[in-house]
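Two complexes follow with subunit A in common, the first pairing it with subunit B and the second with subunit C.
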Partner chain A sequence: MSLTFDDGTFIRNEMVQPLPPPRRQVGALGWVRENLFSSVLNTVLTLAGIALVALILPPLVRFMILDAVWTGENREACLGPEVGACWPFIKAKFGQLIYGFYPIDQRWRPNIVFAAGILLMVPLLVPSWPLKRLNSFLFFVIYPVVSFVLLTGGNIDASAFLFEHFGLIHSFVGDVTMAGVNATFWVDYVLTAIAAAAFVGGLLALLGGSGTGAARTTLWVFLAFGALVLAWDIDFGLPYVETRQWGGLLVTLVIAVTGIVASLPLGILLALGRRSQMPIVRLLCVVFIEFWRGVPLITVLFFATYMLPLFLPSGTNPDALLRALVGVALFSAAYMAEVVRGGLQAISKGQYEGAMAMGLTWSQMMRLIILPQALTLVIPGIVNSFISLFKDTTLVLIVSIFDFLGQLRASFTDPNWATPVTLYTGFAFAGVVYFLFCFGMSRYSLFVERRLNTSHRR
Partner chain B sequence: MKRLLSTFALAGAFGLCAFGAQAATKLEQVKAKGFVQCGVSQGLPGFSNPDDKGSWTGLDVDFCRAVAAAVFGDATKVKFTPLSAKDRFTALQSGDIDVLSRNTTWTITRDTSLGLNFTGVTYYDGQGFLIRKDKKVNSALELSGASVCTQTGTTTEQNLADYFRANNMTYEVIAFATNDEVVKAYDAGRCDVLTTDRSGLAGERLKLTNPDDHVVLPEIISKEPLGPVVAHGDDQWFDIVKWVLFAQLNAEELGLTSKNVEEQVKSATNPEIKRLVGTEGKFGEGMGIGNDWVVAIVKQVGNYGEMYDRNVGPDTPLKLARGVNALWNKGGLQYAPPIR
Partner chain C sequence: MSDLAHHAPAREKTSFINDPRVRSIGLQIIALIVVVVLGWMFAQNARENLAAQKIATGFGFLDNTAGFGINQTLIPYSETSTYGRAFLVGLLNTILVAVVGIILATIIGFLVGIGRLSKNFVVRLISTVYVEVLRNLPPLFQILFWYLAVLSAMPNPRQSINILDEVFISNRGIIVPRPLFGEGTGLVLWALGLAFVAAVLFGHWAAGRQEETGRRLPVLWVNLALLIGIPLVAMIVTGFPISFERPELKGFNFVGGVRVIPEFVALTIALATYTAAFIAENVRSGIQAVSHGQTEAAHSLGLRNGQTLRLVIIPQAMRVIIPPLTSQYLNLTKNSSLAVGIGYPDLVAVFAGTTLNQTGQAIEIIAITMGVYLVLSIITSLIMNTYNKRVALVER
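Up next is the complex of A and B:
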């Protein structure tokens, strides 16, 4: 209320309610004015954008959904003047697009691998979920071995091979098999492990280091490798499925995931090596990185697949997929190394000096101070590499490994599905699938960036 | 030390998939590993393409099965390596595959300079023309002034130029990088004629909006004999692959089909058939395989005619008439030396 005095003085003793802002500046209308039509340039860009969407979206929707054929048994269903996408084609070829030529009655094996991969990866990616250490151990150590055994069928006689080529007592004893296990190999293996541990321990003790520590580490390495060989050797009764029969999304994911998982640690090591003070290490790393960066991936794959067998001793014929995997991993590691090096160079000298002043060793300094900062800085670059690696996997088609896109292209040639729209349908589907994967990766990287990078945010 | 060990581990992993046995001859090698490794295309309708169930089908594929049937008596003992046009010969030279059955044209360059042997002709192909029916053209000689769609950088373009020049005709070439672009352009009416190998034309025709509005002209302007290839250095293997095709042709000529072959083994009186099915003579053993090799081929894969009809014949979507691929006594070119 207010008071009015006799002399006409007016005193308000209460605040006036503020008027609502002009209607053109609030709500949807205000937002649109502010963001879409704030200036001439902005208005032009907005209108151009709307025109573009209006131009592209309706035909796309019409082709993909409205005019599309949804059911049918063969090409007859998708013939006609005004036919959109031929989805029965994708349905008929779906199994092949996912598993390639993997035998139909064995497809539960890749299914388990897919499911286990998702089950292990999702908790790893969500930062608030517990048991990260156990989870990473499962994902990075146990999961690859299990997947390998499941997908190939295991039982590959690794011990027999190692025994024949590296066995110390092989020439004296020969193979003795007990209960399906190559007994002499394991005797040999244990002896080698003890000898190697004693040698390393003794050497380090002589040099004044911790002999028992080194010996223990050596034994652990032998133990881990032995477990790996044993896992490969056990006959689980799964029929052998050679990698030639793998294909489709299975191969795309195997190559991409292996490449991604292998390239990051390798790339970090190479980047550290390139910035190392040790001349030989530095030289080797520079040569490695520049060699792999200087050669196109297609050449690497072609060389690994068709040239390598000519140079290897006859009788050794490494698996084609393995060759491509190693090629892709080394190739992407070289690129990753340069990305990581960019991050390392962005860290100011003060961080190094501060770490050294604290009395940290080199590895502690890198692990606790430098790398966490450097890697955070280059997350966009790292994810960039991952995404391009994922898409580069399609190049394995030239070495006759049918990845997702290769399998699709092979499906185009089936005369039972040859129609005018088959090609468009296939590529539309492939586009959606690739987009889902790449967009997913990119969103996740944004999420991680925002979480780690709060101090730098604008 | 750790680094050394990991090097060893890597080396071990590298060699894991090594083939153990190193046998002397190709046949022994193939028998030792238990299957024929066969190079096919990465997809050519009717010749080698994966079907809905994910198994390879086609004329080239069936020929590989026939080789497996001859060697093992089991047509399923074959594995396929899909190869691109670029790396098909490298794969054969490096021993990655035992037979290349990938619509490969037999030319003197390939036969004499690459260390390879062509074993025969499974399909006589040649470059042809596809044209709209409403153009009312009945012969390629009426094509003067036409615009022709074709793929760049192939022998197709060269053959086209030669043919039109030899017949004093003018034409306009519209070339595209990929086959699919060629088909789309032709379908959209950007050119009057589409040219490629006739077997290919049949496949491309299916991708047109109205396949029945188009017709393949009778003229064939180039020779493209397609056949299986083996590497130099093993004549026994060369013989086996060569005679698998001859056996299929002889089987068709003598009326031996997958349905009647077993009956013919028991009841045949014709000495030619008796020699073919192995009840007389030891021709299979002479090559190092079983005497009943032809029975296995015909029973499991069929004779040449059956193989043709199943994959590219008139009852398939490709609808390719036998034409020059008919037997020699039916007006075609397919002729096999006798088995005796």
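Up next is the complex of A and C:
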């Protein structure tokens, strides 16, 4: 409104309502103008981009879904002139792609391993869920042993092998076997454990250290090792499945999970060694880490396949998969060590000094103060190195272990399914599987990173 | 402090094994003993095993006749050449893939990385999809894909894709014209070298002049003119000594020209695009690491967008980009060993593959192969560290 006086003075005491902004600057149209066509270069880029999408996306959708063949028994189904993906081929080869040549009636065993893995992994990955210590103990210690027994069938006569090395009363009693377990060996084992504990405890007490503590540690080591040997030793009645029959996604996951489970503790040790004050230990760790990081994984696998058997006593001929696992574990331990070192370096000096001022010993300081903080910091890094480990597992196909990609490649040669689209179908399927695994992990890593990042964001 | 320690009451004597110095020395001695004993055991086992399997030792085998052919050789090689020669051929093939791959990966990576920060929605979307897809698929998968699904699906030589009658793409690889060096090539090469030196000197001089007078010279155009002009003059003077031999289809295959084998193409494309996805992420984070205040300050000084990017943002971003870029280059070099998966004759395929199978001398061959990669790693990081030192922030 406004006031108008007699002398013609005009006073406006209220603002005029602003006009709406020009239509071309707001809303969808404005966004398009601002973001897509703001300049000549931008317009060209937009059009080129749309052309690229138009070139790739429709054929991809047509191939994967619209023109795809969904049912059929053999290659006849996928021989039409304009066919897309031949999904019956994947259906027919599915078992082989997941389990390799694992006996069909025994496939419940890998299934249990998969299920247990998921059940243990998911609570470990959700930061807010409780019982992390128990959970990681189950996943990192119990799960590998159980999986090993389930997948191979267990009943490996480890005791017989060990017997040659310590058989105190064997010569007097002979073998007494129940359920595949050699009772004599275990009596022997317990006696040896007690003797060893007494010896170590006595030695340390003599030197003025803590004798009981040392004896207890020795007993724990014997107990853990004994439990491991016993788990392998017991005959659960599972038929033995040799690793040559394993394959597909099973082998991919076995290698990836073994790599991570073995590399984490090894990597932590190496990282601590690299940060240590002791020159010789530090030098050894640096050489070890830099050596494995400097060579490609392929040469490591060649090393494990051809060179490792030469270094072991003649007669021991380790399994091909086991050799590859050793190579992968050493390789990924070196990378893990660098990730953990990053975490250790990120912990401020005050934490170390505070822990020392509290009178904690070095191992207490690391276990209770430094490592929990450092490891939480580097969870994204650990997940990232897990992703690259997962991608690297494909390399084992070069040393004739048939992982997922290896099985896929082998399935291309099946004359029953020889069609022009078989190859593309296989690549499409494997690509989707690999992508889902790696993309899922990278999203998780981003999620943790965001959770850890408490700083202000622009 | 020392005074205080001096007057401290005599401590109760504890056992020497609680002394940290004794412990550290003891631990190191134990570690050393373990390593030495393990090494000695390995050596002992290796000697016994080698003797039992009647495998020769030593590097004498490098002088023996190899007896196998290699389908891409950068230096003269035949089946009668030695294993040492085969090693060199493999090494050169590895270096070729690494160099070409690194150049391609850097170009694609920078384009995609800048694309991820573009204001243009379509460009940003395509760049993001590129990075996420390529980064999350195993490199060996991608190499096999390019080799089996793309290059093997190319038409046969008779129906090959013809680009201007000069380049032919078929399932036998890519055929390009072969350069023929006639009389006077040396002069042209000298001219090229001279032009290069002149360009560098002019760049220096122009920079110095700008420091003094504040005037910018058109360095880019002058240098382009130098680099193209001087060799061109030399070519005209010598009467165009460099000519090209065109490939021609004769019967079922091509005659003349240079054949780039499909294994090389597949490996290079796969490695370059894969590594480019990682480089793109490094570039993006590097540019984002430069504080926004720098852009604002540059704008308020009156610099235009392009100048801001070229003179303010990129020099600072390079500091952040260089270290991860180095490790990406190293990764590409190491990943080139995946060549063995498709049969490209690189170092691993030729040496650790065929030669190892023929001679059985695993220890020597794998040690040499690993040594080569270690040396390549060290050289790359040395070069990159020198560069890094030059661009690093000078802290006072």
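By our rule, the second predicted complex is superposed on the first by the 339 of 458 C-alpha atoms of A that agree within 3 Å, B and C clash if a C-alpha of one lies under 4 Å from a C-alpha of the other, contacts with A are read in each partner's own complex, and residues count from 1 in each chain.
Please note the rule applied: a contact is a pair of C-beta atoms (placed from the backbone, for glycine too) under 8 Å apart; a residue touches a chain by one contact, two chains touch by 3 or more.
Everything numeric in this text was worked out from a predicted model, so none of it was measured.
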item: Contacts of A:322 with subunit B and subunit C, given as first, second, both or neither; value: first
item: Touching partner for A:431 - first (subunit B), second (subunit C), both, neither; value: second
item: Touched partner set for A:310, first subunit B, second subunit C, both or neither; value: both
item: Partner chain(s) touched by A:385 [first = subunit B, second = subunit C, both, neither]; value: neither
item: Touching partner for A:445 - first (subunit B), second (subunit C), both, neither; value: neither
item: Partner chain(s) touched by A:395 [first = subunit B, second = subunit C, both, neither]; value: second
item: Which of subunit B and subunit C A:104 touches, first, second, both or neither; value: first
item: Touched partner set for A:299, first subunit B, second subunit C, both or neither; value: second
item: Partner chain in contact with A:405 - subunit B first, subunit C second, else both or neither; value: second
item: Contact residues common to both interfaces of subunit A (with subunit B and with subunit C); value: 302, 306, 309-310, 314, 397-398, 409, 412, 423
item: Sites on subunit B touched by subunit A in the complex; value: 1-2, 5, 8-9, 12-20, 22, 42-46, 49-55, 79, 81-84, 86-87, 90-91, 94-96, 180, 187, 203, 206-209, 316-318
item: Subunit A contact footprint on subunit C (complex, rising order); value: 14-18, 24, 27-28, 31-32, 35, 42, 45-46, 48-50, 52, 118-123, 125-126, 132-133, 135-141, 144-145, 148-149, 153, 292, 334-335, 337-338, 340-341, 348, 352, 356, 362-363, 366, 369-370, 373-374, 377-378
item: Sites on subunit A touched by subunit B in the complex; value: 75, 81, 92-93, 95-96, 99-102, 104, 156, 158, 161-162, 165-166, 196, 199-200, 214, 217-218, 221-222, 225, 232, 242, 244, 302, 305-306, 309-310, 314-319, 322, 326, 397-400, 402, 406-407, 409-416, 418-420, 422-423
item: Interface residues, subunit A side, partner subunit C - complex; value: 34-36, 38, 42, 45-46, 49-50, 52-53, 204, 207-209, 277-281, 284, 291, 294-299, 302-303, 306-307, 309-314, 387, 390-395, 397-398, 405, 409, 412, 423-424, 427, 430-431, 434-435, 438-439, 442, 458
